[in-house]
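So, here's a batch of structures to check.
Each of the two complexes below includes chain A, the first together with chain B, the second together with chain C.
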Partner chain A sequence: MLLSFDRVTKFYGPVIGINDISCRIGPGITGLLGANGAGKSTLMKLASGQLRPSSGSVRIGQHAAWSSAAKRLFGYSPDINSFYEELTGREFVYAMTRLYGYPRREARERTERALDEVGMSPRAERRLAGCSHGMRQRIKLAQALVHDPPVLLLDEPLSGIDPGGRKVINDLLARLADAGKTILVSSHILVEIEQLADTVLMIARGRILASGTLGQIRELLEDQPLTIEIVAEPARRLAALLAERPEVRSIEIRDEALIVRTAAPKRFFVELGELVVREGLEVQRLQTLDAGADAVFGYLEGGVR
Partner chain B sequence: MSIDVAHYHGWQGPLRSPWSASLAIVRVALIQVFRRKAYWLVLALGLTHFLLVWAMIYAVNQAGQPPEFRQEVLQRLGFAMSRGGEAKNGYLAFMERQGVPVMILLAFSGSLLVGSDFRSGAVAFYLSRRIDRRHYIIGKLGAIGAIVSLLTTIPALLLYFEYGMFSPSLQYWIDNWRSLAAVLVYGAVLAVVLSIWLASLSAYLQRVAPIAIAWATLFILPKPLRTLLTRDKYDYWNLIDPWRDIHYAGRLGFGELKNGEERQFALWAAAFLAVSCAIALAALVRRVRAVDVVE
Partner chain C sequence: MSLLRAWLTLVWLSFRRLLWSASTLMIVFPLAAGGLFLLKRRYGAMEDVEAAFAMYSNFLILVFASILIPICALAYGTASVGGDREDRTLLFLLVRPIPRWLILLAKFTATLPLTVGLTAASFFIYCRLAGEPGELAYQLYLPTVLFITLAYVSLFHLFAVSLRHATIVALIYAIFMEVLLGNLPGIIKRVAVNYYGRSLMYSYGAREGLPRPEFFEPLSASAATWALGGIACAAILLAMLIFERREYRDLT
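This part shows the complex of A and B:
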């Protein structure tokens, strides 16, 4: 099931929330990355039919996202922490299941399955007021799963979850993705998305900065400065040779390693290889230090400032 | 992995109408109210009054009391004979007295029932489902209406049932069907007006203290104002007192209003309530529509 945004713009009065976004999100887990205020929640609300775009269209399969038909096709977990404190987790999920129109018995069965799925069955009788942040996240996830939707929209589902709970949810989402579901997960913590998502949408100031796997995004950014750690013998000889290269910005010797910062990584790696062979140097370790999501995102976000 | 392995199966049966979701919203709201121990104090106040009237009706009908005493008790309950020789509808008098616990309960539960949905963003749980704003609003109004009825109409109906039980046949219920109809009409006016006003107020003010203050002001302040502004019982300035408007509008029909002046005023009161409810409802719809607006 495809979730598609076609030239979507959303204004809040004079403020632009989402600016001409077009993308297609297919089966698997897609991470929606962005800092606070980047437009993640607006995008989630547009996808979940709570907002209509000022222009463009948002579709789930063939249906407009705000139509009644589309609302059966997705489960939504909003980014809120305090809700229905007087209800137990089970009562809350049951009530939410009833909103879909299931008869009582079916709603009870679905409630139990969803609670079991997120590992909350044994603690579902606890009132939400007494639940930890992580437990509430799981309850929210359960209520999004109850009607077995092909599309899941999860707004910051991992925030506040302990490592054990995170593993349960990551495993569950991976299983659901394997089952062919389309899952859009938003987060402002990049490591979470890096571990979880197959594809990443990076968003800032209401625009998509980049999309694809983190590796693909990285490859696209040939000119992004990169920091590389090289352990080689003799280190000082290599440092002297590298210092002559125009693409090298700085070299720092730290213990046995050279920390090299380059402005053109692709060219640097080609020339490093030639240099090592030509000079007969022995490279014991070579690794990039800032190829993670944080660095990529920081670089991309810097580009739109 | 197939969906089956993930423990889910598709639902083959028919789904109920989205309007059934409104009932689920009412159910959740009632659970929320009854889980708060502080609210039980107010409910106990209403229940005590009900039990007192219940016991009085029982005593008057069972004990061989002299007529003067019986008349005295009936007067206290609001059932006494009027000067025209007609019995008053004591059930409506009972419902009006129940207005005190109702108003207290509503003042403090508005935030819980409606305000918190907007404050915390929980309204998203509803609006992302296959129900739309109409179902959500009707569910919330139904919840408030149910609380109002639980303290007014339902106990009044029980008292009517009790009174009839002392009749040797169905005669009391047959003879006094107008009293029953009047209870239902008055109860409906109370439930509709109070639910719309409270839901609108709570959707905007959201927190307990502002709602309680505004609610109290709405019902208490107009009374002294009315006294200052009016010279006549049926002066139009009396319309600014919502409790008085409900008193008259709820008595329209079924012979509760005895003279033309009263009936005329009741019509104006009903019109005033209808207009104010329409405005409040429009504001509520606007607020629910605007959940997305950045504030």
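This part shows the complex of A and C:
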């Protein structure tokens, strides 16, 4: 099942929330990554039919996301922490299941299955008002799973969940992805998405900056600035030589190490290798300081500033 | 999967939440105060039954129909959507495969047993407390009480889906607009639901000798009934239309 955005723009009065976004999200786990205010929630709300696009279309399968028909096709776990507090976790999930029109017995079976999947079965008799944040997150996830939808929209599903709970949910989402579900997970924490998602959509200021695996995105960005830590002997001699290179933007000496910022990493590494051999320098340590997803995202965000 | 089953679930869920909400507590006190007032006045003990009927009718028209019914309808009418809006639980309903207009209709339906039941029950108790004039009034005014309740509940649902602070606006409307506008001379009082309710009650009461205030020019009973029915239908249909079209962010 495909979740598609076709030239979608969303205005909030005069403010633009999403700016001309087009993408197709297919089976597997797709991470939606962006800082607070980047447009992740707007994208999620458009996908879950809470908002209508100002222009363009959002479709789940053949149906407009706004329509009632589309709502059978997705399960949505919102980022809000509000519930029918007077109900127990089990009662809440059961009530939400009944709202799909299932008869009592089937609704009960589906409720138990969903609670079991998120690891909440033994604790679901507790009133929601007395549940921890992590338990509430799991209950939200359970109510999104009850009708076995082909598309799952999960807005910050791992926020507030302990490491054990994260593993349960990560494993569950991986199983669901293997079963062919389309899962869109939003987060502003890169490590979460790195562990979870096959594909990443990076969003900032209402635009998609990049999509693909983090590795693919990094490859696309090989000429983006990179910060490298080098421990070498003699350090000052190396610093002087590097300072002459046009691709080196800055050099900082921190303790024993040189912190080098380069505008063209690929060329830098080639020339560094030649330099070390030619000058007989001894490199003890060489590592990039920002090659992880945080840095990728930082570069991407910087590009639209 | 059945839409009807889903809809009925929503009606039950909404009814349950409303029944155990602060709204129920909020309206018990004014209704009880009305009962205490009637206990003190002892209309049933008055020798002049016609005068007692007129006094009791005035209590019903000026207090019960003009203040207590609007408060009762307001408490549940705005809370049915407003409660979910304030608790931010409306979202859980809007992402289910129930058309939005049906969600609103379910909310409206859930309030009816509470508002209509509560006003009809309190009206019954008041009439029992009022003795003989009460029995007469019960036969004459019960349909009117139900019509007024329905019109107010629909109107306050319209407020709830249209306005962010619907309860406050509805309270101001019920206290000032209905009472003030409904008592103004000339045609302007026709914008108040209260006017049509009073027209009906004075028309029915006149059959038993209830004098009409000099300044009050009622509509005929049939015109007032149509007007109340029309307000009830138009308000809830408009509320459903607005709810169907509004985005979630506009509802929170």
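Just so we're on the same page, the second predicted complex is superposed on the first by the 258 of 305 C-alpha atoms of A that agree within 3 Å, B and C clash if a C-alpha of one lies under 4 Å from a C-alpha of the other, contacts with A are read in each partner's own complex, and residues count from 1 in each chain.
We adopt the following convention: a residue touches a chain if its C-beta (ideal position, glycine included) is under 8 Å from a C-beta of that chain, and two chains touch if they have at least 3 such contacts.
Computed from a prediction, not measured in an experiment: that's the story for all the values here.
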| item | value |
| --- | --- |
| Simultaneous placement of chain C and chain B on chain A, clash or fit | clash |
| Winner by number of chain A residues touched, once chain B and chain C are compared | B |
| First (chain B), second (chain C), both or neither touched by A:R113 | first |
| First, second, both or neither for A:D148, with chain B first and chain C second | first |
| Contacts of A:R175 with chain B and chain C, given as first, second, both or neither | first |
| Chain B and chain C footprints on chain A, overlapping residues | 12, 45, 48-51, 68, 71-72, 74, 76, 78, 80, 82-84, 86, 95-96, 98-103, 143 |
| List of chain C residues in touch with chain A within their complex | 1-6, 9-10, 13, 17, 20, 87-89, 91-99, 247-249 |
| In the complex, chain A residues that touch chain B | 12-13, 15, 17, 45, 48-51, 68, 71-72, 74, 76, 78-84, 86-87, 91, 95-96, 98-103, 106, 113, 116-117, 127, 143, 145, 147-148, 153, 175-176, 178-180 |
| In the complex with chain C, residue positions of chain A that touch it | 12, 45, 48-52, 68-69, 71-72, 74, 76, 78, 80, 82-86, 95-96, 98-103, 143 |
| Contacting residues of chain B [partner chain A, same complex] | 1-3, 5-11, 13, 15-18, 20-21, 24-25, 27-28, 31-32, 35-36, 112, 116, 120-122, 124-132, 291-294 |
